[in-house]
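Chain nomenclature is as follows: A, B, C and D, assigned in order of appearance, with residue numbering initiated at 1 for each chain independently.
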Amino acid sequence: MSTDRLEAFSDGVFAIAITLLVLLIRIPTPQQGRLIHSLAELWPSYAAYVVSFFTIGIIWVNHHAQFRQIERADRTLLFLNLLLLMWVSLLPFPTALVADFLRAGGDRVTATAVYSAVMEVMSLSFFLLWRHATRAGLLTAKLSSAAVWRLTRRNMVGQFAYLVAFAAAFLSAPLSLLICGAAALYYIYPGRQAAS
Amino acid sequence: MSTDRLEAFSDGVFAIAITLLVLLIRIPTPQQGRLIHSLAELWPSYAAYVVSFFTIGIIWVNHHAQFRQIERADRTLLFLNLLLLMWVSLLPFPTALVADFLRAGGDRVTATAVYSAVMEVMSLSFFLLWRHATRAGLLTAKLSSAAVWRLTRRNMVGQFAYLVAFAAAFLSAPLSLLICGAAALYYIYPGRQAAS
Amino acid sequence: MSTDRLEAFSDGVFAIAITLLVLLIRIPTPQQGRLIHSLAELWPSYAAYVVSFFTIGIIWVNHHAQFRQIERADRTLLFLNLLLLMWVSLLPFPTALVADFLRAGGDRVTATAVYSAVMEVMSLSFFLLWRHATRAGLLTAKLSSAAVWRLTRRNMVGQFAYLVAFAAAFLSAPLSLLICGAAALYYIYPGRQAAS
Amino acid sequence: MSTDRLEAFSDGVFAIAITLLVLLIRIPTPQQGRLIHSLAELWPSYAAYVVSFFTIGIIWVNHHAQFRQIERADRTLLFLNLLLLMWVSLLPFPTALVADFLRAGGDRVTATAVYSAVMEVMSLSFFLLWRHATRAGLLTAKLSSAAVWRLTRRNMVGQFAYLVAFAAAFLSAPLSLLICGAAALYYIYPGRQAAS
C-alpha cells in the first residue's frame, strides 16, 4: 500500500485540528463588564492557543519529514497513524482545560498535568509509528542507521520534555506550559545535526 | 466521470468528521467542583470518542480500498456516495448522545440504540455503493468474482455486528458500544483472506 | 491563472461546510425529559440537515462539472467564486434557523423564507460565475453554444425552484423545504439531455 | 525542502478558517421574540462575516501568488508561514467580537480596534514571510527586482490600511470595519501594475 493518501488524510486532520483551536477561546459576553478587561483575563487562552498551534504545526512538519522516509504502509502502520491522529484531534480538549483553569486554584495543576500528559502520549504514538516503520522494513533503502538513530533521538527529546512538563505542572502551571512551548521551538530549530 | 475528485472530496469529509468529534466532549466548568472528578465522570465521552474515531478511520481506509477497484463513477454512484458521507458526517451527533446519556438510567438504552442504528445504516450505505458499482460495471476488469464476494462478505460482517450491537443496547449499553469498537478492530485486521 | 488550486480550495470549503451542518443539530440534554421524545421533536433538524447536505453535495458536483469547461481564471472569476463560496459557507446558519423554528408559529415563515432566499442567491452566484466565464472567453474551445445554453437552462431551473420555495414559505413551511429538496434531486438526475 | 505540502497544508487551514466563520453568527432562539427582528439585529454579524470571509479569501489568493515565486522552503520560512496561519486561524475570534459588540457603547471601540490590530499583524506576518523569502534566496531566479518591489509595495498598502482602520476604530467602529473591507477589495483588483 502506498502512503500518498495516508499522508493527504493526515494533512487534512492536522489542518482541521489546528484551525479548530480558536473555537475554544471563550468569546466574552457584553454582560461580563468592560470588554478590555474580559480580553485581558483571557491570557491563559491565548497562551494555550499559541503553544497548541505551534505543537500541531511542528508535528505536521515532522510527520511530513518522517513519511518521506517511509516507502509503504502496512495495516499496523495505518493503525498507529490513526492512533497518533486521535491524540492530535483530541488536543483542543486539554487546550480548553488549560485555557479555562490556568488561573483557578488547585485545578490548574490538574489542567496542565492533563495537557502535558496528552502531549506525552502523542509523542509516544509518534515514536511507536516510527519504530514500527523501522522494524517492519517500511523505510526506503536510502536511510543510514545513523539517520535512524538521529530521528529516534530527536523524538526522545520531546518525550523527555513532556515528562518534565508533567512533573512541573505540580510546581507551577505556567512553567509546565512554557516547557511544552519550548519543546515546539526545539523541533522547529533542532540544531545542526538533525537539520543536516 | 473519473473518481479522482470524488475521492478527494470524500477524504475531506472523513478528515473533518473525525476531527469534529472532539467538539462534542463537554468541557468541565470551574463551577462543577474539582476538575479531576469532572474529568473522571466524562468517561463515556472518551469511550464514544475512541470508538467513533476508529470507526470513521476504518471507513476511510475501506472507502479508499474500494475505490481502487472502481474505475469510473455514474450519477447513482455519486448519489450513493453522498448518502454514505451523510451518515459519516452525522456520526458526531449519536456520539454526543452516547457521551451524554451513557450513565443516565433508561435513556442509555435509547442513546446506544441510536448510535448502533446509525452505524448500521452507514454500513448499509457502504454496501449499496459497492453493490451498485459491481452491478453497473464500474469496476476495473481486474477484479475476480472471488474478490467481489470476499469484499461483499467483509461488509456483511460489519452489518451483522451492528445489528447485534443494536440488540445488545437493550441489555447493556457499554456492551453495545464495545461491540461497535470490536467491529472497527475487525476491519483493521480482517484476517488472512481479506488482506490478501 | 490556472484553475487547479481554485478548485482544490473550493472543494475544501464544500467539504467543510457540508460536515459542519451536524454541529447545528441541538443535542438533547438529560433535563429535557425522555430522550426518545426529545429526539422525535428534532425532526425539523433532520429534514433541514438532509436537504442542506444534498444541496451542498450537488453544488459541489456541478461546480466540478462547470470547472471542467473553464480553462483559466481571471480576477473577476476569482471574486465571483469567493461570492459563491460565501453563500455555501453561510448555509449552516439558515439551516439552523429552519431546524429551530420550523415548528414555532409565525416564525416558521421567516425561517423557511430566509432559507430559500439564501438558496436563491447561492444559485444566482453560480449563474453569475458561469455567465462571466462564458462572456470573458474563459471556457475551453470545445464547448458548443448548444452546450452553453443547456448548462444555463439547468441553472435557471434551480433559480426558479428556489423562487417558488420562497413564495411557498408563506403558505407552508414544510412544503417550501420540500421544494428545496426536490431541486437537489433534480440536479442529481437532470434527465436525458443534460446528462448527455 | 519543496513547498508543495506547505501550500497544501496552508490551503487547508485557509479553507477551514473561512468556513468556521459561520459558527460565530449567533443563532436566535425562540425566546428572543420575533425572528425577523432578531435577524435584523444581527447586522454586525453579517458585516463582520463578509469582511472576514473576503479577507481570508484574498490572503489565500495572494499566498498562492507569492508561493509561485518561492522555489523552496527553509525552517524559518516554515515557522513564519505557521505564524501567518496562526493569525488567519485566530480571525474568527476578533470577528465574533465585532459581531457581538459593534452595537454596544464603549466596547465597540475595543472590538474593532482588536479586529483591525489582528488584521495588521496578519499583514505584517505576510510581509515577514515575503521578506525572508527574498533575502534568503528562496525565490525563483525569474523574478526581477522591480517585481519584488511591486509585491512589497502592495503588501505595504494593506499594512497602512489596517493602521488607518485601527485609528478609525476610536472615531467610528463601522468606518473601521469599512476600511478593512475596502482593503480586501483593493487586493482583488490591485490595479494595472500589480496585475501585470
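The criterion applied here is as follows: a contact is a pair of C-beta atoms (placed from the backbone, for glycine too) under 8 Å apart; a residue touches a chain by one contact, two chains touch by 3 or more.
These numbers come from a predicted model, not from an experiment.
Enquirer: By how many degrees does chain A turn when fitted onto chain D using C-alpha atoms, rounded in steps of 5?
Expert: Roughly 90 degrees of rotation.
Enquirer: Just how far, in Å, is the C-alpha centre of chain C from the one of chain B?
Expert: 26
Enquirer: Can you work out the whole-Å distance between the CA centroids of chain B and chain D?
Expert: Result: the chain centres lie 37 Å from each other.
Enquirer: Which residues of chain B are in contact with two or more other chains?
Expert: 8, 12, 16, 20, 23
Enquirer: Could you classify the connectivity of these chains, where an edge means two chains touch, as line, ring, star, complete or other?
Expert: Drawn as a graph, the chains make one closed cycle, so a ring.
Enquirer: What does chain C use to touch chain D in their complex?
Expert: Residue positions touching the partner: 5, 8-9, 12-13, 16-17, 20, 23-24, 75, 78-79, 82, 85-86, 89-93, 96-97, 100-101, 104, 106-107, 110-111, 114.
Enquirer: Touching chain D in the complex: which residues of chain A?
Expert: Per the touch definition, chain A meets chain D at residues 7-8, 11-12, 14-16, 18-23, 25, 27-30, 34-36, 39, 49-50, 53-54, 57, 60-61, 64, 188-189, 195.
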